[in-house]
């Protein structure tokens, strides 16, 4: 029987294992791709598109076989399979949406009008902030406001 | 039959309707409570605790009946009922977690070690950033890193 | 106990009943609101925002009591409660997405690149097209392409 | 143990990978099958039936092995497995049904009477419309109205 | 607060209770509506549309108050709320679809080609057939075959 | 590692592929098994039991390997895995139960008393009925009425 | 607005409360209905049909208002709403099916052939068996074997 | 890559296939294990623990390879994967819990007090009872009553 | 229409509101009931049974109307409705089961053999332990081991 | 095709099988890792991180192949896949949360204020306590209280 090609998420899983074995940091990989660390990590795992050059760069960097390099160029996998919402770290991000989603909806609507904050024209950053009581992670979500069209 | 008391979310719904009728902004309400706008909005809607003084302040400000003022002091409602995840604005926050949750897990673990970003020792801010291509909403999530205890 | 105010969907249900009793068509209501029939119907049912003037117009037109006119000005209800996906007419729209969603994803990506078709900067039209084998409904979905931001 | 034959969706996944490798566009494939781009894409992915000739045409065009050509002739896979509703592009189509489904039901019923818009006697088109503020995707759903039988 | 109007299913529940009290059979009610028993029962319960005359006929027959007669004219309720699939009698109908659905799909496709059996251009009958080993219920589903459109 | 034996549904999938390759119709297969077409199709796909003789007959007819012939004799697979309820053809059968299930419950109870229509002492037939407006599929469900035992 | 009549389950809840207030045991109620305790309890709660005489008997015994007596004659409520499967006592019955369901299927099929144990031509008993290590509850499920019809 | 060991359920599936091939009855297997038929069947399928001797006995009896004999000694699989609740025979057991669960809860509580019937200190039997109207399966559930601890 | 009696959970909600208004602590209420704080809190909220004396004690203590005192004597509500698993505090208890459930199963089985830790013959305690880095909550789950019966 | 690397849970499953074959107890393994038994068991199964040294120690102890040793160093798997909540032993832990979760929320809030008990800065112990009526398992959950931040 003809073998099924690797999926985008499977390629990401292989690449992530190779990354661990390589000893490279995500920041170093991001620098090679000339992208921010969040975007680069997301691209390796499978949530952003990689063109042939970018996939080849990763292939060299992480010593990946050709079929993995090919599969890294598949369309991104951004659906529910891209994440395990029940993982404790991810769940807390989900819980923040649960607890503060209604407030954000109220405040965005009051400030901007009827619309949404784009998850597409959007970027995200992560920073470590030193704190004597325990360092903090600051995640910045930056999305364009999109007003509902009236017709 | 003895009447059921108002729930915390019902009190929030009545208070939000009164807020709309009052013409006050969330920022003005926040100023009266001496809290940030996100916290204050969240408290009125039902996701943060209000003590008797704070509830009384809201009662005067929004002209709320006594049973609503009482119900505003009930424990916060932070479960799944607190938000409609399928609302388009909220869904996009959820989608951000779906698309970037795996990357954030990788990056937080690499930077901080085995642990999570607290959703409890946590604060959130919302800012409007002017942009000629369309203004942007910048949401800042700021949580303490908590390492897993080894025992 | 203080009474709960009407929700946006409840106001829509009352307005729809009043519309039926009035004998007015949706096109006539749309003309009064100076909007397209789909937008106007959607606004009455609860999925688009109405300002005080628009709500008052509807109140006069459909002879609605003041609390309904007030509730028509609540934020739109665009979550899963806004529709019954298992209603046979609606289900067929859902099935179209099920059957053709993967193809549309392929074609949009090939034509436009990595991104989505906006459901916000979006309008929708419905037209009847006469056909000797049975008239047809033509629904036009018109959304702006939004490319994913690279960062 | 006897090997399981490829499913229709697996054949579609292999064919889609071959299409990417071939450099052909969906429009070119559609021309070879003498069908519209949406139908042709849908057929390759697995949602429309292909007869032996059409499958052979695709086999030659995309250099597919015989078991894939055989599997392309299996009955179409139009169930929930045919699409990932949580993919961001597809989700927005789903959200359009969520937001406008109730209105469309009202308007179709008013215009045509008690019935549904067929998802079977149905065709769908996709067009790019240039727009200085950003090009738009126009998706046309064209289905026959079917009245409920009274008995 | 303005009272919510009765829903179509609530009107059906009141009408069914009135039917029980009246001592009339479903066949007698069907005769008054000049429809088959299945259609008439379905219409009273809420799954078929009733015009003003039909609703008035039922109102007289079952001695229903005016708001119930009005609500009987609401659009039919044919979604998942129309039935309890876990009711033992209904569940067995569901189980028949579970057990024989795949076979029927094979046989309809072989006999008619690529398409479906309409649930809209459709009628249903129920007959009692005497049998010495225990009488049998014969349910006849009669639907038009609809071929998928090729485009 | 010891290999897992084929499941009943896997054997059915292999047999159905062999049936397609053989050019035989379901009616011809049914004739060889001396059963009705619905039962025979259902048995090949996996929802009815086959004894050693029947499995051998199918093995010869469809040129099946011995492990498939063995697996065809496994107990039937009549659970939810036996069918894809979201397949458009099957879904319409499901929708008929959704729309008419409550009426059938009312009518069966009125006619027969408290009980159910058996899905076990049950047979099903499919017939094509020519119709100038489009041929029709008539599906006959014939089940014994079973009264609830009173104890 | 016309008031909705009591449902069968609501009538059962009122009757069960009245039973508690009355001090009567289920066995005493069963004796008055001339039925076994399981059937009688089940009928009061709403899972068995009661005719006018039986409902009247209960009405007198438990001092129920006329609308409750009427509602006790509604068709039984045997769907998923009839029980809370997550109640600890009920869950253990469910767990028995989970743990032993596959074995019972094997053994019934070996002993009786292809078929099921009826849940309709069925009775159930509950007995207390004294045991020095702690008394035991013995539940007897007694159902007719029904063979699948071959056609 | 290191191969995954067989799971307990996979070992049960292989053993059940070997049992069918062997021509042995469940009663004969039970006799070899010196257990009741229900327990023995349950143990082979995977819901009871087998020690090394018992597994070896089964290995000899059913001619099982060593890795299957090893896997038969894994901890029992008693979770939801152990059964298909939608199988018609099993579903009827589930339906009995649905229909009679509330009554049993009432009766057990009245007879024994606040507690549950153990699914652990529990045994189950199956007996065939001849009946001129059709033989019956009598399933006996025998569990210790466990009172809730008060503290 | 006859009014529905209060449910056990509704009575618990009213009692909890009265407790808040009373200024009493849970420990004080527990002392009056002569029970531990966890049991007493659980009983007031609805998860443990209260006899007439205990309900009367609570009625006096919290100034509850007679129908609430009656409803406090209803059977306990220990099903899924008894708790909101998505509440952040409760979710973390759930997450502990998610993360450590498999390990506990391994360790209990190794130590005690095949069986479970009773949730019925069970008690639970909560203690505050001072800690310079932040006080800790120590929850003690104490359940009898119950071995599976072999039969 | 490039082979997928073992997942963390698969490595845990292989290690657990090797542990069973080795005859070592969890306590012995824990001693080698210099951790408590619960942590060590949890780490082998996959819910705690293992560094290269710890994985090598386990590799030697349990005679694991190199790819398993590598996979043991993958990030922990603490999501819903880490446990089967429907396993009877685990379910009872879940049920304890269901029955006592609301009470614990009340008591923790009263004692500590608005916050949660950490599942991260958390440890868990299991002890066997002899009891003439049957030994008991005492599980101690020890988590830091974390107050909600006010901002």
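For clarity, chains are labelled A, B, C, D, E, F, G, H, I and J in written order, and residue numbers in each chain start from 1.
Criterion: contacts are C-beta pairs under 8 Å (C-beta built on N, C-alpha and C of every residue); 3 or more make two chains touch, one makes a residue touch a chain.
All values reported here derive from a predicted model rather than from experimental measurement.
Asks: Applying the touch definition from the top, give me the chains sitting in contact with each of chain C and chain G.
Replies: Looking at chain G and chain C together, the chains touching each of them are E, F.
Asks: Any idea if chain G and chain I meet via the same residues, over half in common, or different ones?
Replies: different
Asks: Measuring between mean CA coordinates, which chain is farthest from chain D?
Replies: Taking each chain's C-alpha mean as its centre, the farthest from chain D is I.
Asks: Between chain B and chain G, what is the separation of their C-alpha centroids in Å?
Replies: Between these chains, centre-to-centre, one finds 46 Å.
Asks: With chain centres taken as the means of their Cα atoms, state the distance from chain F to chain I in Å.
Replies: Between these chains, centre-to-centre, one finds 49 Å.
Asks: So how far apart, in whole Å, are chain A and chain J when each is placed at the average of its C-alpha atoms?
Replies: 28
Asks: Could you tell me which residues belong to chain G and also touch two or more other chains?
Replies: Residues 4-5, 38, 78-80, 84-88, 95, 98-99, 105, 109, 115-116, 118-122, 124, 146 of chain G touch two or more partner chains.
Asks: If we use the touch criterion from the header, which chain pairs count as touching?
Replies: The list of touching pairs comes to A-B, A-C, A-D, A-I, A-J, B-C, B-D, B-I, B-J, C-D, C-E, C-F, D-E, D-F, E-F, E-G, E-H, F-G, F-H, G-H, G-I, G-J, H-I, H-J, I-J.
Asks: Contact residues on chain G for chain F in the complex?
Replies: The contact residues of chain G facing chain F are 35-36, 38-39, 48-49, 75-76, 105, 109, 114-116, 118, 120-124, 146-151.
Asks: Residue numbers of chain B touching chain D in their complex, please.
Replies: Contact set of chain B toward chain D: 86, 88, 91, 95, 98-99.
Asks: Tell me, which parts of chain F touch chain E in their complex?
Replies: 16, 25-26, 37-38, 41-42, 45, 47, 78-80, 82-85, 87-90, 92-112, 115-119, 121-122, 124, 126, 128-129, 131, 133-146
Asks: Quick check: in the complex, which residue numbers of chain F touch chain H?
Replies: Within the complex, chain F touches chain H at residues 1-2, 4-5, 70, 73-74, 78-81, 119-120.
Asks: Which part of chain H faces chain F closely enough to touch in the complex?
Replies: Its residues touching chain F are 3-6, 10, 13-14, 17, 20-21, 65, 67-68, 84-88.
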